[in-house]
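Okay, got some structures for you below.
The two complexes that follow have chain A in common; it is paired with chain B in the first and with chain C in the second.
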Partner chain A sequence: MWRELQYLIHNFLPAGLQMDITQSYFEFLGLPVSYQLDQQALSERARELQKTLHPDRFSHLSDRERRLSVQYTAYLNEAVATLKNPLTRAQYLLQLEGVDTFSESRVQLDPMFLMQQMELREAVESIPDADDPEAEIEEQLQVVEQQMQELRQQFATFCVQNSPSALEAAAACVRKMQFIDKLGREIELLEDQLFDD
Partner chain B sequence: MAYSEQVIDHYENPRNVGKMNDKDGSVGTGMVGAPACGDVMRLQIKVSDEGIIEDAKFKTYGCGSAIASSSLVTEWVKGMSLDEAQDLKNTTIAEELALPPVKIHCSVLAEDAIKAAVADYKEKQTKK
Partner chain C sequence: MALLQIAEPGQSPEPHQRKLAVGIDLGTTNSLVATVRSGDAATLADEGGSHLLPSVVRYTEQGVVIGQAALAQASVDPFNTIVSVKRLMGRGAKDLKGLHGEAVYRFADREGGMPFLQTVAGDKSPVEISGEILKTLKARALATLDGELEGAVITVPAYFDDAQRQATKDAAQLAGIKVLRLLNEPTAAAVAYGLDEGAEGVIAVYDLGGGTFDISILRLNKGVFEVLSTGGDSALGGDDFDLALAQWFLEQLGGAEVVAGESRYLTEKARWTKEQLTDNESVRVELDHGGQKVELDVTRELFDGLINDLVGKTVRACRRALKDADVTADEVLEVVMVGGSTRVPLVRSRVEKFFNRKPHIDIDPDRVVAVGAAIQADVLAGNKPDSEMLLLDVLPLSLGLETMGGLAEKVIHRNTSIPVARAQEFTTYQDGQTAMMIHVVQGERELISDCRSLAQFVLRGIPPMAAGAAKIRVSFQVDADGLLSVSAKELSTGVESEIQVKPSYGLADNEIAAMLKASYSNAEEDMQARSLREQQVEADRLLVSLDQAIETDGATLLTAEEIKHLQEQMAILLALRNGEDYKAIEYGVQVLAQASDFFAARRMDQSIKNALKGHSVDEIEGNT
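The block that comes next holds the complex of A and B.
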């Protein structure tokens, strides 16, 4: 789909608005392909591109060209959102290496890790009955944040090693992050249910 | 997305939710998970000396289809031999629950869980 869009961009947009969307998100945003992200550079580059894509610049152009600018903006937003989030950034890096963790099923997981996840979910489930649910939620969110931080560090370490085993280890990190991310969202949902009426 | 009546039934009245003592030699535990949706599933079986599954329990943190799939499996495997349980196919589960294509992976998870439980039980037996 993006290649088709790139073709349209190339043929129908004025030279000043040309951009290559067949590049990776990193290259598209002028950033090094790395897990270490310069958030400020990302924001600045995103702002520049948004300016280029501003609808006012397209108002004098045809419907087709304006539609393109909308699709273009969608691509930019997707790129920024993917890279900004540490989990999707990791998943995207793996995807560039040919490992799809976005929709995979049937992967071998560490049973001890799953056991721990089960226990954490059970603990979260019992929060509404706790004496001080607010404190429990705080505590569980801290556990989530701490585990995420550790996994992010591990991922960054594996990421810079160029070997199949490091790639597999990086993917294992991401799979764990996916579970912990879900747990974190569950806790936040519970927090909303309990305290924001 | 609309769930089928069967899924809603199992979701609202899940059968055999619970936990068995994993230290018990006649209990097999299967732990599986799906990273893409963050679902975790524990399925346990209690096996008689004759190799028949006497009881089954599950606990699933996940969507309605994942809960229904594991609930259904615990109902089905009771009274089965280990071989029969191991041959359970996700397609049978998906069919019974009328799962839409995007939810097929939930039935796969339940199939993997019962397989893992049987494998865990068998491994325990060889260690005896």
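The block that comes next holds the complex of A and C.
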């Protein structure tokens, strides 16, 4: 790795070899720009592109071509991973509209939502002391999933309305999703701690 | 328009024009080499007819002995006879304390993280020792087959981290083998089973070798093998079963102090006992202990009890891998068993119970990985241009950076599809700060000290600015082999920072070069000849692929002037290529590659358009 690293530093890729992709993930994959996504179509397009772009298709060709193919395939994998997940897909759509929720550190959320989340969090924290922690975890995961589903629907609705206020509402939706997603992951982590080893 | 008369590798080769490519299973206990001949993939035997090469290297004053002959002397000459060297690959001296089996070696006191073993032939790194095994396999392939070796697909446990993969690639370099791909062992096994033909759905590959355990969940679809998740333990295998049994022997013998040779003797006896218990319910073992003979009866039940926790650990890893892949045990269509240790009855029964279906054991579990690697090597060498087969892997362990307070911040999560690229931005925290320390780690834990350190480097030459004003972008890129490269750049000024790298484990470039040199008798001349050959091959690749590209796409993607310019550049490189100066050829390759970059990029964009032809335009226009 360190060898490669020195190599990269001293020979920073020339402009010609830098991947030149100005297309969005949707365009790159030949999919309509929309929150509603045909997962089957996504997998099929991804597979077709992998067959064209993957470095293994260039293994008997020159070094340069292999490196270019690594960059393209990396972009493809990033595109697929981002669009596949409903939360990152929503975030990406917002990014295309100029709203960056990927790297925000402090956000304002409505107090009602926060109250609700605090209660949820308390319930999760008391899981290890419950009589049947496994059932308790299952229940909380369902609550999380249900809330996510509602927010996804709201987001999809705001998404198709073309107005600044709808965009703001869609962003608020995503911030809530991020919050709930984090809670979901914490519950899964707790599950691992309680039942593995 | 063909300018050069060089056979294009991808085009319907005559039998004698086939590129020689092999698959190599570099195992903890045994290694194998396989190739595809007249359509069939098979492992290659040595002159004595044996396919398995024991992964044992013995250093003597007269030279190096590899394989069966070395294994025979393992307990007589324990310090010079290295077994299970795979367990030392990419490991640091500190890790060795956890590997009880290897404690018998004498480690040299050296600078740097990589442990060197003291032998009569001098200090040897695990990379060199593995290189000896690879050299033997290469020689076997060349003796059996005709012609020059194009390259090899070498398999590694899916769970190998970056340092372990890099060490494997370095060993191949020492052995003079071009690595076409580092392929994960479970993926190779799935390929060998030919599960792509007709089969569609989710499969699980359970791979328990001598020293490593892997579980991979794959989805098969129209020739594409997509790894969904992978898990395991790179320090758990059949050797641990032997050790558990050897420990029990020792207890029966009264727990006497053991010397190096005797501990090896007991583990060999334990291995024999384990193998007997595969087909027998009980076995009588004779132990020679301090001059007296001791007889012990070992039942399968007793053995199962000794290894039950170890097997349980693998089942838990299966559960986690399913969860990571987001599939249930019921959705798994097929279970494939790989690795000699899956012959242990308890392993089979517990895996069968967990997945609730009979696992595949029809292909010899010792050979299945090498066979799969050979099939992939055949495709990668360009012998099967129409093949639809494509193997897509994931990153087995998260990659991250050290942040304040000794915490690890993940940059790329485990089970992300590779190749992958991610960048992270950092800033300075002091006014006028001109240097920054970056520590790259791999692993799932929160604390840096619990993760594997891959490399540390210092960014220097950051222009002095107010705290927080500099923006340093650190880019991670993982290639299809699972190998990481890192680069860094200061964004506000565009200054590329000078970097000093201190590898945590592994060999630096100059160490590899020195080892290569030392391995030749006429060092200087041989090195020259080899470098010349390598550069000529690289030049040929570039010329052939460009020639082909111009022929197929020149008319549509290039202007007449661009073609003329490229062909002039190609003629220059061809002239250099036929000379003797490898440095000039290397330079010529760089110049031509740069001059043709724009063309490669245009072709890539055209491929994307073609791959999506018929879908994209209407759908996108209809929805924006």
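Throughout what follows, the second predicted complex is superposed on the first by the 176 of 197 C-alpha atoms of A that agree within 3 Å, B and C clash if a C-alpha of one lies under 4 Å from a C-alpha of the other, contacts with A are read in each partner's own complex, and residues count from 1 in each chain.
Operating definition for what follows: a residue touches a chain if its C-beta (ideal position, glycine included) is under 8 Å from a C-beta of that chain, and two chains touch if they have at least 3 such contacts.
Because the structure is predicted, anything quoted here is derived from the model rather than measured.
In the superposed pair of complexes, A:182 makes contact with chain B only, with no contact to chain C.
More chain A residues lie in contact with C than with the other chain of the pair chain B and chain C. Contacts of A:77 after superposition on the shared chain: chain C is touched, whereas chain B is not. Judged by the touch definition given at the top, the superposed model places A:121 against chain B, while chain C stays out of reach. By the touch criterion defined above, A:131 lies against neither chain B nor chain C after alignment on the C-alpha atoms of chain A. In the superposition on chain A, A:109 makes contact with chain B only, not with chain C. Contacts of chain A with chain B, set against its contacts with chain C after fitting on chain A, share not one residue.
In the complex of the two chains, the chain A residues touching chain C come out as 1-6, 8-9, 12, 14, 16-17, 19-20, 26-34, 43, 45, 47-57, 59-65, 68-75, 77-78, 80-81, 192, 196-197. Across the complex, chain A meets chain B through its residues 101-107, 109, 111, 114-115, 117-118, 121-122, 125, 174-176, 178-179, 181-183, 186. Looking at the complex, you find that chain B touches chain A at residues 31-40, 42, 59, 61, 105, 108-109, 112. The residues of chain C lying in touch with chain A in their complex are 9-10, 19, 150, 162, 166, 180-181, 221-222, 224, 316, 320, 379-382, 388, 390-392, 416-422, 440, 454-455, 457, 477, 479-480, 483-489, 496-499, 501-503, 506, 508-509, 538, 541-542, 545-546, 589, 593-594, 596-598, 600-601, 604-605, 607-608, 610-612, 615-616, 619-620, 622-624.
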